[in-house]
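Note that subunit A is present in both complexes that follow, paired respectively with subunit B and with subunit C.
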Partner chain A sequence: MANEKQYSAWRAQQRMAPYLFIAPFCILFCVFGLYPILKSLYLAFHTTNGPRSLVFTGFDNFRFLLQDPDFYTALWNTSVFAFFSIFLQLPLALGLALLLNSTWLKGRTLFRFVFFAPNLMGQVFVGFLGVVIFSPRYGLFSRFLTAVAGVNPDIKWLLDERFVMPTLVLISLWMYVGYNSIYFLAALQSVDKELHEAASVDGAGPWDRFWHVTVPAIKPVILIVVLMSTIGSFQLFELPFNLLKGTSGPNKAGLTIVMYLYQRGFEVGNLGYASTIGWTLALIVMFISLVQKKLSERVRGHG
Partner chain B sequence: MVESANNQSIRIVGRTAGADNAKWLRALLYISLLTASFFMLAPLGWMCCAIFKSSADMFTYTLLPYETLEKIEVQEGPEKGAWKVIQGDVFSIGTGESDTIRVEKLPANGGPARFVRKGDVWEIDPAGTPKGVLVNGRYAMPDAKLRGGEIIRVGTTKIRFDGMHVPTLQNFRELFTKFNFGRNLLNSFFLTCTATSISLILSSLGGFALAKYEFAGKRVVLVILLATMMIPPSLLLAPNYELLVHMNLMNSYLGILLPGAVGAFGMLLFRQAMLGVPDDLIEAARIDGCSELGIYWKIIMPVVRPMSGAFCLMAFMASWNSFLMPMIVLQSESLFTVPIALSQTISISGDNQYGPLMAGTFLGVLPPAMLFFLLQKEFIAGLTAGAVKG
Partner chain C sequence: MDYPPGKAPLAILIMAVVSGALLLLFPPKIEHGNLQIWTFADAHYRAYQSVLPDFQAKHPETHIDLQLVHERAVTSRLRSAFASDLPVPDMVEVEIKWAGSFFIGPLEDIGFVDLTDELKKPRPDGPPWIDRIVKSRFAPYTARRVTDGVASDHIFGLPHDVHPVLLAYRKDIFDAHGIDAEKLTTWDDFLREGRGLLKKMNANSKAGEMRHYLLNLNSSTSDELELLLFQNDGQIFSPDGAVRMDDETAVQMMLWYVPLVAGPDPIGYSLGTAMDFELVNNAQKDELLLCTLMPDWLSGYYQKYVDNASGKMALMPLPAFKPGGRRTSTRGGTMIGFTKKSRQFDVAWQLGLKLYFDPDLRVKQFREFNILPPLREAWKRPELNEANAYWSGQPLGKMYADQADNAPPQYSSPYVGLARAKLGEALSDCVRYYNSSGAAGFEDFVRKRLKQSADEVRLQERLNPYR
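Entry: the complex of A and B
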């Protein structure tokens, strides 16, 4: 009798286990994940002044967004940043990975650590360091450029609208090129060496082997890294925010979409408009992801 | 016979040319990697020097400051004027040009001359015997006791010393006294460790359920998790803020911890790793009478331990560096984490606070860097596992 009772209790815990295991996450997720997503959709159609006043305004927010020059500035800046992340940083990261993958390289782990090191800092801290390094005339960057290339030392990297975006691109290159090359390196190391040897025997040069053996083999990883970089670039906030000391830079040259969302939602206090910006950002990111997915399928189909 | 000999010689020539080529390529490889490494490390190296420079010296010296004495300005007295001094000079204040007039203090008992200290008063003997200070660079002014710009008086002669640029711990002192940075570090540690533990427990338990059980709603959960990976986290800022205000969780750590615990990424990572654990192992434990929680704790977690290490490091770094949500939620300075304190108080406390800012940045970067150093292998394996396999 007691045994039977014990057995049924044991069966019960076995049956209930998965629900109990996933319940804590699911409850939190419903409250702080799912509900906010729906709530932000609701907010997007309202105008708010702080968290406690709410007026329904229909599509006004979206209509305003489409004519909002600041939003277009933010969209343009973020897109330029994303463009350089993908078309400048990723090729360099791939090149770096190819160098690190050389068979006779000694100290690969050390080099890999060195290139990864800037990424350990996190964007916030890089922002603080950047403020000092990119000071005009006496900052490390100006001193270096003046000494090596005779560049005008008085260029105000962070206070001249022409130079804010290049500076951001350069800093993110420094931060993320090693990080991305780790993905490429891992992919390169899993490429079958026999394929290379076979191609070599067939008379393929290094360039041919790169295009026809390496690239197809690591294509899935390239696509994932491109996707992650794009999504990451569109989230850009902490680096420019701290680099520009909480402002959007000269003539809003450092304004990004998330920064604009923050300003509208938390400096002005219009959570409704912030949600509209948030959903627009979400749609942009989803659209880009879809396009890249379609592209990758097509590429894979042809390959 | 002749042909084969020819062949051989050609092959040998070919091989040496190839070896030569390889040597050049190898040199080129190392040169480019070392150059790139230089650019990667230069800003970090500069920061490691900057933390020892006073805010005033931040831009005057590219690396560490080294000059103990630049200039002496005699403000009153016969030698009135500024004198440029470099290390090793014997600077003289005295009565005539012919003497090697050393201003030197001779103690009454005839012992050795003392070094200059702030506040010392030196007398010049009215009888004409030159007395005073021997100022020869580093030697005359040990430690950083006398700072640039400070004035000492030699009898009726007031002397102003300019220079004294040496490495200093002043930034750290200021950081911990003026800005109460120790509190911020403790806050960050507490918040980050709690957030990492919560993430680890929730993600691994949930991942276990998704990997090794069949239950109603499993597919729905998986689809929703995958779908929300596409949602940018900034979309949740406004509604979560509103929610926290209504729940009275603003300006509290719960307001950061609860919304921060719902990342789907970790759960999918754990699910992926746990799929690889053989079912037989679990079944065997079950037959032995092990409870489900026991299976999770004694069988599954030890197997996925390397993954857990990588996950903890990633969660630690994400939480340690997190900025936007803490900035919105935290309002009182005593709750500020390191990034928030640096951003909201230290970096805007005046234009000339670069010293403490750099020192704080350095201390803020140290914990994740050290953890990474310990767990490097696991971390890179975990980082690339999803991408390469998927």
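Entry: the complex of A and C
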């Protein structure tokens, strides 16, 4: 009898054990992940002004979003930034990784640290630093260009709408080229050297070896980095927010989707509309990720 | 000891366990008082610290917890707390730009106490508070509601300041060129003389070299444009919250302002920030800007941080748009609000009155930060007449006080921040148009562009079901 009791207690324990192990995650996820997600979905269909004041607005927020010129500006700016993140930043990161992977380069460890270091500072600090570096006339960047190329020292890099996005892209290059190059470097180091040697024996030059040996070998990493950069670009907030001191920049030139969400939610106080923007952003990112996933499957299939 | 993930994770684990255990054993003494105040301004924080011990001694049952919180954090944390019914401080200082966004919706749902009746109550020591304060300063903290066709105004904050604006000019330069700036009483006179002065000073500068500019005017944000619009009796919103930024006054202001910052020979220039004092210091050294629109609070920062202008600058009332017209404007502001959730409004109210309307404290604050109190009786204090060596020996306080009653109102709306941004966008476009096409068709463009910006604000207003 006692044995039977012990056995059933042990059985119950065995049944419960997995749930107990995953319980901390589940509880934390439900409180800090699932509940806010569901609450934001609820808010997206309401206009709220405190807990006692909630007006159901149906799809009004979504309908409004479709005709909101500011949202389209934010979407355009974010897309432009994402475009440069992928088509400028990643090739440069790959180039840097190839350079750092070269056997003839001395002090590679130091260079790796130097190029990675800007990322350690974080976007908030870099934003503040950018304000000083890109200030007109007295900023480091203006002084450098004036000294080297005689450029007008009074160019307002952060106050002239033509220069805001290039400045953002330039800063993000500085921050993220080194960071992404670490991924590429890790991938390059795992490429089988024998493949290169075999290709050389078959008469392949450096360019052919790069295209036909290196790139196929690191393709999975490239796809991951592209995906991460795209998602990261669509979530851009801290850098332009601090660089432009919480504003959208001249003529909204630095307004990103997340900044727009913040402005509507926390500056105007319309949490319902902010939730709508958030859900739209989530759908956009999901769509892009799906497209990239399909493309990567096709590329892998070809590989 | 063998720890499979490695030595570094082991070290981190040990540190986490040890520090966690220490925190549990010796929890930090965080004194959460039962009367909490949030302020976002360092100057206010320091000034209040000196008053609190005395007030605390008179109210031993109350423990006061003064916290310095970043301006944006005040706004977002307070909004989140109001929205989710979480604890809020008893008293909060809110920046003028964001104040209106807390007055949205039915009166009973606003998180702040309606102070109108308290301010109108007769007082034993003189007239009610509302009559002792510069009237225009209540406007940004007032919400108007119309019931059965009757409008009623509800005040939700005490004004900390007036922030009148004077014109700071480089007296040394004007004197050296024989110009008596104080005789330039209208903008027409000022710009005519100023352009002549600039022409002389810039005569030898070539492309790519340093130039001099007459006035700090931004060509992409609305800060100075708005200030000048207020001076000229313009507004962004009407008292009942309707968008006014495309009315005739605003159009005429834009037509006047843009040629100052655009075209072949602009006289206005902006460093992008008034608060980066290393930049401003360098700019003063290079005589980059000959004049600066100077609210009282900024004059305090100049005194503290802009050494290169010490003794070289003087203040004068702003030139008027018309002879005999208004000689000042206003920029910036702070209110203190009392939250409905506070369980001790009476003590909070007394403390609020002490911090904002106590002449002794406010004069002390003026001497440290140059911020003119909104309480008229404090302007008579001799400290405000003291000669200020930084400002060429002028009686700074008296100069600001002389203009303070003329400070224009800034009417409240939840969309003030948005409207300002939209005005800045309109300005950017108008500047671009003027740079490319000059005066041809400019007026039509300004009208259309301002209307576009105003309509964009109106569009956002449509999302507010309480309008």
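Keep this in mind: the second predicted complex is superposed on the first by the 282 of 303 C-alpha atoms of A that agree within 3 Å, B and C clash if a C-alpha of one lies under 4 Å from a C-alpha of the other, contacts with A are read in each partner's own complex, and residues count from 1 in each chain.
The definition used in the following text is that contacts are C-beta pairs under 8 Å (C-beta built on N, C-alpha and C of every residue); 3 or more make two chains touch, one makes a residue touch a chain.
Quantities reported herein were computed from a predicted structural model and do not represent experimental measurements.
Student: Put the two structures on top of each other at subunit A: do subunit B and subunit C fit, or clash?
Tutor: In the arrangement built by aligning on subunit A, the partners subunit C and subunit B clash.
Student: Contacts for A:131 in the overlay, against subunit B (first) and subunit C (second): which applies, first, second, both or neither?
Tutor: Both partners, subunit B and subunit C.
Student: Would you sort A:267 into first (subunit B), second (subunit C), both or neither based on which partner it touches?
Tutor: A:267 sits against subunit C, while subunit B stays out of touch.
Student: Identify which of subunit B and subunit C touches the larger number of residues of subunit A.
Tutor: Comparing touch counts on subunit A for subunit B and subunit C gives B.
Student: Let me test your reading of the model: by the given contact rule, A:198 touches which partner, first (subunit B), second (subunit C), both or neither?
Tutor: It touches nothing on subunit B or subunit C.
Student: Under the stated touch criterion, which partner chain does A:159 make contact with: subunit B (first), subunit C (second), both, or neither?
Tutor: Second partner only.
Student: Thinking of the overlay built on chain A, is A:174 touched by subunit B (first), by subunit C (second), by both, or by neither?
Tutor: In the superposition, A:174 touches subunit B alone.
Student: State whether A:9 touches subunit B only (first), subunit C only (second), both chains, or neither.
Tutor: It touches nothing on subunit B or subunit C.
Student: Kindly classify A:66 by the partners it touches after superposition: subunit B alone (first), subunit C alone (second), both, or neither?
Tutor: neither
Student: First (subunit B), second (subunit C), both or neither: which does A:245 touch?
Tutor: In the superposition, A:245 touches subunit B and subunit C alike.
Student: Identify the residues of subunit A that lie in both the subunit B contact region and the subunit C contact region.
Tutor: Touching subunit B and subunit C on subunit A: residues 51-52, 131-132, 135, 137-138, 245-246, 266, 271.
Student: Can you name the residues of subunit B that touch subunit A in the complex?
Tutor: For subunit B paired with subunit A, touching residues are 26, 29, 32-33, 36-37, 39-44, 46-47, 50, 58-60, 62, 201-203, 205-206, 208-210, 213-215, 218, 221, 224, 228, 230-243, 245-246, 258-259, 261-262, 264, 267, 286, 289, 291-293, 296, 317, 320-321, 323-324, 328, 339, 342-343, 347-348, 354, 357-358, 360-361, 364-365, 368-369, 372, 376, 380, 383-384, 387-388, 390.
Student: Can you list the residues on subunit A that touch subunit B in the complex?
Tutor: 10, 13-14, 17-19, 21-22, 24-26, 28-29, 31-37, 39-40, 43, 51-52, 96, 99-100, 102, 104-105, 109, 111-118, 120-125, 127-129, 131-133, 135, 137-140, 143-144, 174, 178, 182-183, 186-187, 190, 220-221, 224-225, 231, 234-235, 237-238, 241-242, 245-246, 258, 261-262, 265-266, 271-272, 274-275, 278-279, 281-282, 285-286, 289
Student: Under the touch definition given earlier, write down the residues of subunit C that touch subunit A in their complex.
Tutor: Touching subunit A: residues 72, 75-76, 79-80, 82-85, 98, 101-102, 104-106, 108-109, 111, 207-208, 210-211, 218-221, 269-273, 276, 278-279, 282-283, 288, 414-415, 417-418, 421, 424-425, 428-429, 432, 456, 459-460, 462-466 of subunit C.
Student: Which residues of subunit A touch subunit C in the complex?
Tutor: 47-53, 55, 57, 60-61, 64, 67-70, 131-132, 135-138, 146, 150-154, 156, 158-161, 245-248, 250-252, 263, 266-271, 273
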